[in-house]
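Two complexes follow with chain A in common, the first pairing it with chain B and the second with chain C.
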Partner chain A sequence: MYLLPTAAVLGPMFGYPLYMLGLLSVFDYRQAQVSGGEPTRFLGFGNYARLLSDERFWSVLVQTVVFAAALVLATLVVGAALAIVMDKASPWARTTLSLAALGAWAAPAITGSTVWMFLFDADLGLVNQVLGLDGYNWFYDKWVTFGVVGATVVWHSFPFVMVTLYAGMKAIPGEVLEAAALDGASAVGTFWRVTMPMLRPLVTIVVIQSIIWDFKIFTQIYVMTNGGGIAGQNTVLNVYAYQTAFGSSEYGLGAAIGVVMALILLAVTLVYIRALYRTGEKL
Partner chain B sequence: MRGRWIANAVALVVALLTAFPLYWMALSALKPAGEIQSLDVRPWTAHPTLENFVRVLTGEGFARYLLNSALVALAVVVLSALIAFLAAVAVTRFNFRFRTTVLIMFLIAQMVPVEALTIPLFFVVRDLQLLNTLGALVLVQLAFSLPFAIWMMRGFVAAVPEALEEAAMIDGAGRATVLWRILFPLVAPGLVATSVFSFITAWNDFIFARTFIISAKDNQTLPSALLVFFKPDENDWGGIMAASTLMTIPVLIFFVVVQRRLVSGLGGAVKS
Partner chain C sequence: MKFLYCAAALLALAACAPSTAPTTGGGGDEKTGTLNVWLYDEPNRAPKDKVIQEAIKEFSASHADVKVQVSWVPTTPARHEKFKGAFNDPASAPDVAEYGNTDLAEYAAAGGFAELDLAGEDLGADLVKSATVDGKAYGLPWFIGIRALYYRTDVFDELKLKPPTTIAELTETARTIRAKKPDLYGIAVGGEYTFGALPFVWDAGGDITTLDSPESRKGVKAYTDLLSDDICPAQACASLTGGKTVELFASGKAAMGILGNFSRSAVDAGAVAGKYKVIPLPGAAPGSIAPAFAGGNNLGVMKNAKHRTLANDFVKLLGGKAYQAKMYEAMGNLPTLTGVREELAAKDPFLKPFLDTVAKGTKFVPIDPAWVKIDNSKVIPTMLQKVATKQATVEEATTEAAAAVKAAFG
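Up next, the complex of A and B:
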């Protein structure tokens, strides 16, 4: 009974749209059908067949995976390295670092995007001034653009990894580390043999959380590359689904892309839930 | 110790680098127009001015958008706190048949690609005749902040010993009394932490506002307002930075308020 309000909100605004997403994806649903000019036509897996045979879909899928993988890796390396730095540093340095990280974490994705765009602006940006690159456009070459957007995303997301891992390291009982030291383990050995194994469950959670976030990246790409870059070269799946639906009014096809994404994320989520169970959590 | 010195130095350098974009945002917002357009960029300003803020707040309906964003965020926060509290009580205090299923559904709901769901949601909102209204934003954002809010509240409710409620029941308190007079005050701190997350989700939202508010200019929220300052030929960077600063400040304040709970809260959301 206490779940009633939840159901009242999630039913129509979450469950039903999810069902409709699936439904739309098997129909021919375009501008003409939305306005009622033509009847909606059942296509079965027609939209999916179109996607799978579409070279553009595959190239977007591949670059989404590559981009997300690079982001996850960069975020984790930076976050983990800084967690270790936090552990080793004096309290004042630690506080300074966590305050700065908190700021980057708190900044809305969209304002973070605008600031980085300004920093990398061709004419008035600080980066070009400092590097002496007059008028170099950072948003012209595909991979350079991905690099700048990626840096923005990492700036925004490493604090979560850093703070979580640091908290995990603090939670390891001091006696364990002392025991290792007494047994003659070196600092490096202790880290790899004791700290890391104990952090494994937490690392798994952070990795999967990052995969989910980075795979769904939208705002930064949409804002910084103005909807997908020159000729859509910087499109990722999420932006692609959105543009297909609302840009080209191919709602059915857009929904099919959405379903593909949802399925990929579902697979990742199942791994996540298994990881949770493994750490001995009870739901 | 040498290790400590190196760690301190690295921490300090990274802290500076990380904070720099935010410093640059605030600084540029305070720079007079001449300095922003100058090709000789300086990391300080001798003539701080509020002219960018004044221009932003008085022109292009920005103040209106600020109010809209605040209203939507406030409604989402209050509603999601109440609903999530009830739901959290249900999944922690009662054993019913599909409890685990329900919990896993909340977890999965957090992973759904929101942007893809905007496609069907657009039609749902249209059929409810809510396009171009703030109500649409409240409803949709409520739906997307609830799963996480419930997941997080669960930990806080579970932490309250059940014996307390039983004792009250024995003393003759009804279910409603126990719920609102005993449990609710006890989980209030958790509710605050959860609310901050709902607030941030709602405040930062970009895609819903962009999709569901098409023609009604008066009902825009901040993110779209920010894009107004992007012009095809010449971006008004002073204006953009001032608007970005205004949008960042509330979130920054909230983050600082809850920073202690952040880790334990997320830990609670993930672990407990």
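Up next, the complex of A and C:
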């Protein structure tokens, strides 16, 4: 009963779009169908069959998974490291750091991407001027491009990790740490054996959030590589879905990609939650 | 039990297909009221607006009870959303709309525009074809833009070079320039510059629908040969769009460029103002001209128009002789009517290379919704970029692109 208000909001807000997404994905639904030029045709799993037999889809999927995994790792490492720095630093340094981080967090993705793109501009960018690399195109090589875009994504997302983990560290009772110190544990030992286990629920949330965010990455790639880079070498799944659905007006096929993405993310989340229960932790 | 409910609910829902706009109805033929007109919003709109206001004045004089309301549509891809909205909802549809001729097939397949009678118009066959789908014309070609070869007279004079007359000479000249002046690109070309590359393919006898033919491959090779370290290095040029090549040429970083007549003001505003000339883009054979892409805008009457006759009258007026000439004076757009173009050629020598190119025959993209798909999924840029960056040979890249084109046609 208490869940009813929640359901009333979540149902229309999430249920209907999801339902429409699923519905569109089983129809031959292109611009001609939307505006009534041709009749809508039911395809069953036709769109999915076409998608799964498409080599390009698989290569983009693999690329997305690898890129997202690297991003999650980098975000966590940077976020956790800076959380520790924040924990140990003087109040003055802490304020500066959190202000800088909040600035990055508050920057809209488009603005941040555009600024980073200008920084790495081949002719006029600050980076090339400082490094003396006149005319070096950072968006030419596939992996260099992913590196620059990845740095932008991490820059956008590490503040969340940092602030969450910092809050978690602050919530650890002082006595626990004191006890560890009395037992003669080193700082590193305390971190891995005391702090980390106590932060585990938080880390879980942060990891799942990061996976979902980084898997769905769109703006940074779309803006910085002009929609997928040279010869589409930097395309990720969300950009691919967008180009299919709205670029080529293949709404049905685009919806199918969306459904596949949702299913993958659902699976990731379920696996993670299960793994947690198995180790006896509760979220 | 719960599962059963869900299944039942799903079945009930599955019965309803996604919404589709009505195929019939919409539109009318009212003779009074407000005529709604959508026109593209150009970067410098004021002169265009002035011509339009003149046309409206003339139109109102002969149609007493009619008001004309102009809305400006952005030229960004967002225009598609606006047009799709107008097709889907008759209430929000204008009577007359200007649209890019490469969008035509998609809009025609969506059933957005009404058929127009082009008989008796002073239009070349190429241009009529560019407004026609399945034998029916859906718009009056209003103006076109043609690309030709811009080159730097100061650089050519200094190095004692002659303007190229074949593609081989063009390549050689570009290489010489970069060798002698390493801070210049021999010619500004781009991996994302579809309409810069297509003339090479067309000149070799290839086409978009036969990208893996030996002729097309020859053309693709000729173009991608320019994207090399000794002319326009792939590192810098592979990701350039047509617009970026205009910037490069205008800012004096390139000795040549394949630019349109519509880029004249941009070049004149740059560092090379007064130091350039234009010739038709040469083909492979000596003295030949590579076929140019006849991109431009059409004026169409919407199927959902509420004032069909009035809309037709307005299109005839705005697309007619007098206003095409005025639009050229205001915007530099090439008129589509042959007679008007000939008059202008006599007056303005700058136009000669462009008009010579038109006279040799222009080409167009496939008039099929597939083109929008090919364009949006960047089939041709991907092909050029793969060759330029040596990710694939000409054979591999063209084979792959041809497969993508085939898939787009379905």
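Basically, the second predicted complex is superposed on the first by the 253 of 283 C-alpha atoms of A that agree within 3 Å, B and C clash if a C-alpha of one lies under 4 Å from a C-alpha of the other, contacts with A are read in each partner's own complex, and residues count from 1 in each chain.
One rule holds for everything that comes next: a residue touches a chain if its C-beta (ideal position, glycine included) is under 8 Å from a C-beta of that chain, and two chains touch if they have at least 3 such contacts.
Bear in mind the structure is a predicted one, so any value in this text is a computation, not a measurement.
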Look at A:12 in the shared chain and tell me whether it touches chain B only, chain C only, both, or neither; answer first, second, both or neither. first
Check the contacts made with chain A and report whether chain B or chain C touches more of its residues. B
Just checking: does A:24 make contact with chain B only, chain C only, both, or neither of them? Give me first, second, both or neither. both
Touch check for A:64: first (chain B), second (chain C), both, or neither? neither
Between chain B and chain C, whom does A:109 touch in the aligned arrangement: first, second, both, or neither? first
Applying the touch criterion given at the start, work out whether A:220 contacts chain B, chain C, both or neither, answering first, second, both or neither. neither
Does chain B (first) or chain C (second) touch A:248, or do both, or does neither? second
Partner chain(s) touched by A:140 [first = chain B, second = chain C, both, neither]: second
Same chain A residues contacting chain B and chain C, which ones? 20, 23-24
The chain A residues in contact with chain B across the complex are 1-3, 5-6, 9-10, 12-14, 16-18, 20-21, 23-24, 82, 85-86, 88-90, 93-94, 96-97, 99-112, 114-116, 118-119, 121, 123-124, 126, 129, 155, 159-160, 163-164, 167, 205, 209, 212, 216, 218-219, 222-223, 238-239, 241-242, 245-246, 251, 254-255, 257-259, 261-262, 265-266, 268-269, 272-273, 276, 279, 281, 283
Spell out the part of chain C that touches chain A in their complex, as residue ranges. 13-14, 17-18, 20-23, 84, 87-88, 106, 109-112, 191-192, 234-236, 238-239, 241, 369, 372-373, 376-378, 381-382, 385-386, 389, 391, 408
Within the complex, which stretch of chain A touches chain C? 19-20, 23-24, 27, 29-40, 42, 122, 135-137, 139-140, 226-233, 243-244, 247-250
What residues on chain B touch chain A, complex-wise? 3-4, 6-8, 10-12, 14-16, 18-19, 21-22, 24-25, 28, 36-37, 39-41, 43, 82-84, 86-87, 89-91, 94, 100, 102-104, 107-109, 111-124, 139-140, 142-144, 146-147, 150, 200, 203-204, 206-207, 211, 223, 226-227, 235, 237, 240-241, 244-245, 247-248, 251-252, 254-256, 259, 262-264, 266-267, 270-272
